[in-house]
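Next come two complexes built around chain A: one with chain B, the other with chain C.
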Partner chain A sequence: MKTLRNMAVWLDERLHLTALWASSAGHEVPATSGSWWYVFGSATLLCFIIQVITGACLAFVYIPSTSEAYTSLQYLNHVQFWGWYLRAIHYWGSNCMVAFMTCHMIQVFLFGAYKYPRELTWISGLFLLLCTLGMAFTGQVMRWDQDAYWGLSIGASIMGRIPLIGGQLVHLLLAGPIIAGETLSRFFTLHVFIIPGLIIAIIVMHLRLVLAKGINEYPRPGYQVHRATYDADYADIIRKEGVPFVPKAVDKDLIFSAFVIVLILVLALVFGPKGPKGIPDPALVDTNPRPDFYFLSIFAALALLPDWMEMLVMFIAPAIGLLYLLALPFISNTGEKSARRRPVAVLSVILIVLVIVTLAWYGETSPWSPDMVAWSGAAVPVKFLKGRTPLQMHGATLLQNKQCRNCHSLGGEGGERGPSLDAVATRLTADQMVRQIIQGGGNMPAYGKKVTPPEVDAMVSFMTTLRPESTPPSRDSAPPMNKLPRDFAVVLPPAEQADAKK
Partner chain B sequence: MSVTDPKHDVAEKQPKEESTRRDWLFLAGVAVNAAAGLLLAVPLVGFVFSSFVEKKDPRAWISLGALENFPEKSTRLATYQNPFTRPWDGKTANIPCWVRRLTGNKFQVFAINCAHLGCPVRWFEESGLFMCPCHGGVYYEDGSRASGPPPRGLFEYDYKVENGELWVKGGEMPTLANPV
Partner chain C sequence: MSKSRNSMQTRRRISLFSSVLLLLCVAGCEPPGKPGAGEVSAEDVMDFPTLYATNCQGCHGVDGKNGAARILNDPLYLTVIPKDQLQETIEMGRPGTAMPAWAQSQGGPLTPKQVTALVNGIEQNWAKPVNFHGAAVPSYSGEGVNGNADNGRKLFGRDCFMCHGPGARIGSVTDASFLSLVTDQALRTSIIVGRPDFGMPDYRVLGLGHALSDQDISDLVAYLAEKRPPAVTAALVGPAPGAGNEGNKSTGSSSERGTQ
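Right, the complex of A and B next:
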């Protein structure tokens, strides 16, 4: 026992472990910071560590070559012992990392932790956020399938919109003029060497700053941060209610850490790894590229914006947003920290989260995307065909064959790009339908060259029957008195034709 | 007085002359390292940013096959092997494009990439439309924009007819900055 003790003392004298401990893990923090709200930072760090370890394991097998990557992913999924599970942990670990990082950022913002004297902690955190998003994008490329290929294509196209140097940036991003052999190597290098290296360096700075400037005390409503007095106030808090981080304030971090590990393990076990989906052969054009969830909101925004706003949202808005976040600790450097006294801050967070979640939901459902197989796959519901005339039936067939259903749904099936046709006769008169088909407009292409007049007649006569039984068809406010609506008898459903004849 | 008092040591052991010489050596050391670092940076930066230096047009004429493969008044998918190639490209080297033959030797060869953000557009014969699966861009059969977010019509390759084959100038991903 005495020998062991002597050895420990000898080691400590050489390595200065006690001093290191006292200045790091054992440093004094405000007792109030041992709160459930403060666990997200350590959870994000834990996710990063899990990502590094599982990523290193996956790199034992993964081949970063455009010809082999897909096969090696399949090998990982199906042959390598527990390869699928490690891929799943890496995938769910990345999702959790982004999720907890977001929670951490929101918490830090709402607790005013970015204010004096922790401006650089916030700024280094922003760079960690950018790096993490960089990892998410490059990681999506590692899963070398159709989504990865076309995701890169989208990334390159966005780059290509930058004025003047856009073309050069595309070549830089793709490591050549087109997505080819070197592209994947480039993203592999970014994903496993460059960005993780940056993340480790910035984490060191981030933690160093937490130690140097102390962790934010739990904000008290009414307490104002002043540059002149804050340092003394904080020292006072530490003196009065300071506790060593380990073991007195780390308890909730520890419990949450275990929860995070189990959460990732369970998610990975239940949902498994993501993909790889289709073979990354660009010649297979029947594909539906979608980004991972972190980029779904951007994906949705790019579909929903009018084109004059696209430059703004692609480049100017992110630049302004980032500059604003970088400037935030200087814009609101002092004053109230508690979220209870900062309604604008709380509302901003709620608004931003709602916007991102709503956009992500739209990205997931993508109602603007034509349903490419609806014309051949989604039948016309029988209720729309009962008791129809041969001309109307022919119109229904044409509606399928002309691929109208790719954008227009019937009975809830089909694309959502254009309005549903279930009750189109209550909105448009026959003449308006003819004009809409031939001339297009309101985001609908013109079909004048692709349909003959008899075909238009047939389609319109079918569509004029598309309305609820109880609702009358749409009509002009002042129909010309000298002629009845075209095909008057045909326009009405059979039941009403009898009435009309009376 | 304790031996660990550094201020005292410095004051006593560093006469002024020596410190100027050390200062000079220090500055010289910084300078030579900066110069050496620059020398090291030249090949590194050149390597990483080589795409900025290589000015050669990456595009090359490449055959899409015999004219008979493309009936008049129809639009067909054709695939060519990317001329900008690496031995480990694998299937990634298969680049598709849409070939529309009007009459005789009049063609339109459209890039597969949507002019909005590069997703692969699909051809629908009956409605005569190209539709994009990503953000809902739609083009007419002549490649002009029909609806949705694209800022322009489909990208068109330069083409020529030689030896009974259709050739296109391919090898670069079409974007708004580098339309093929």
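Right, the complex of A and C next:
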């Protein structure tokens, strides 16, 4: 017994394990920090560990080449025993990691934990956030399907618009001028070596800072942080009500971690892995690519914004946002920590969350993507055909044939990219309809020379009958004869038209 | 004492519950998240209702009637049109009109098997014996019967004017734009089978209550065709090779888009 004890003491003198324990797991934290609000950080870390383990397992099978990435995922999905479950855990683990990281960030922000003296903890956390989003993006590319292709081409087109260095950046991102095999190799390296390495390094620093500067005490409304007094105040708190992190404050973290594990396992079991959705092929227009949920809001913003705002939203806003977040601990370095006394902080969190959630919801339902089968599958409602002239009937078939239905609904069926045409005659005159078809505008393609004058005539004649039944189309006042200007056949493409006007 | 027994019991219950859950998952039902064999590709769809509903009903109407384009669910129509013409129309479409080509060989989305499934589906579901009341059955295409436009004009004034004349209830069929969008065949079919879904009678009664003859029908078509702007006629009438004017091209490109 004594020899054992001696050996332990000898080892400890060499390895300083007791000291390590005392300064890490056993270090004293404010008793108030043993709160349910403080569990998200450890949950994020747990997710990361799960990602590393499942990721390593996936890497045994995954082949990062354009010809085999897809097949190796199909192999995991269908052949490998519970291989699909491994993929599902990795996918849902990443979703959970982003989600818990967001919760952690919001909590830290609302509890004022970024203030003096924890500025660098916050900043290292921001870099962890960036790296995690980088992992999410590169991970999505690993699937090498239509969604991956979409994500890459959007990413590249955003980068390409950066002034001066845009071209080089695209080259750097894609490992060449276009998306190709080299792109996949590059993203594989990023996803498996570089970013995880960075994350581990930053986590070490992040945790070291947490230990060095102590866990933030539960904020008391009215207590002001002053640079001169805070350190003494914190030491006071620890002296009076400090408890060792293990075993006194860790219980809620453990319970929540168990919950996180069960959550990921169940989500993976119920919802399964994502994709792969089909081989990426830029020639397939008929697809509906959609990014993973963390990028849905960007996807939606891109789709909804007018072109001129894209630059603003894609670059300037994120750059300003990031700079602001980096500067935050210096801008509001001292003062009130409690969310109860910081209404602006609370309101801005609510606002930002609402905007992101709404955009993500739009991204998920994406009502702007055309309904690709409406033109041949969605019948023209009979009420819009009763009592119409032969010309108008043919106008209706042309509305189908020209795929107007893919963007415009009739009787609730069809795409929602453009306004419903149910009552279009109450809004537009025949001339305006002609102009809309020929020149397009506002996200509607210009049909220009893709339609002949009789076709336009027929479609417009049909559309002029589209109004509520209480005001039936009047044959006499608007005979469907050729009343339309005949010279629109020579309408120029919009660009040239603008020139001609000058 | 009782407290610890209680907690013993709850613990036992929890472990029982979770092991049952685990057993269910591992041994019992298929987990819902497990990926299926993959989606059915659009080319594997063979059943007629689905094929019709995704490809045709936009124009030809739910269940083959009340659509903007020709009624297909009509016994008279299906008696008059030969099966090979039906098949050919579906495969090639009608260039210059809103009817796109459907066969993959023509740039359409449907495989030969799917076209056959459609043709058979239309015939099996919608064709029924028709009572012709002694009228001769006109030929679908009217081949070999040369129309006489002058006689057609007279017939038109007699048989069609009350519904299609200027100011009449239904609306013009001599309108240049309308005629630019339909083939002669479609005009002929309209006269033969009418539009039973919208109230136009068929050839058996159109001749003032009597049947129109093959010759009458051809004359009427010739009259209507004459009213079509000449530039369009070249593109629409018959499969005249090389008749690719602007109208033809544009619809061709639109049916390409239609098939993506």
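Annotations
Rule of thumb we're sticking to: the second predicted complex is superposed on the first by the 411 of 502 C-alpha atoms of A that agree within 3 Å, B and C clash if a C-alpha of one lies under 4 Å from a C-alpha of the other, contacts with A are read in each partner's own complex, and residues count from 1 in each chain.
The working rule: a contact is a pair of C-beta atoms (placed from the backbone, for glycine too) under 8 Å apart; a residue touches a chain by one contact, two chains touch by 3 or more.
Since the structure is predicted, the reported quantities are computational estimates derived from the model, not experimental observations.
Contact with neither chain B nor chain C is seen for A:A317 once the two complexes are overlaid on the shared chain. In the superposition on chain A, contact is made by A:P390 with chain C only, not with chain B.
In the superposition on chain A, A:A56 makes contact with neither chain B nor chain C.
If you count the residues of chain A touched by chain B and by chain C, you find the higher number for B. By the document's definition of touching, both partners, chain B and chain C, reach A:N401.
When the two complexes are overlaid on their common chain A, residue A:L305 makes contact with chain B while staying clear of chain C. Contacts of A:N443 after superposition: chain B is touched, whereas chain C is not reached.
In the overlay built on the shared chain, the residue A:V170 is in contact with chain B alone; chain C does not reach it.
Once the two complexes are laid over each other on the shared chain, residue contacts for A:V9 go to neither chain B nor chain C. In the superposition on chain A, A:A327 makes contact with neither chain B nor chain C. Shared interface residues of chain A, touching chain B in one complex and chain C in the other, are 285-286, 372, 375, 401-403, 449-450. Chain B meets chain A in the complex at residues 49, 51-52, 58-59, 77, 79, 82, 84-96, 112-113, 116-122, 124, 126-129, 131-136, 138, 140, 146-151, 171-173, 175-178. Contacts from chain A toward chain B in the complex involve residues 65-68, 70, 149-150, 153-154, 156-162, 166-172, 174-183, 279-283, 285-289, 299, 302-303, 305-307, 310, 366, 368-370, 372, 375, 401-404, 406, 417, 440, 443-447, 449-450.
By the touch criterion given at the top, residues 77-78, 84-85, 88, 268-273, 285-286, 372-380, 382, 385-386, 388-394, 396-398, 400-403, 405, 449-455, 457-458, 461, 475-476, 479-482 of chain A touch chain C in their complex.
Chain C contributes residues 25, 31-35, 37, 53-59, 61-62, 66-69, 98-100, 164, 167, 170-173, 175-178, 180-182, 198, 232, 246-247, 250-251, 253-255, 257-258, 260 to its touches with chain A in the complex.
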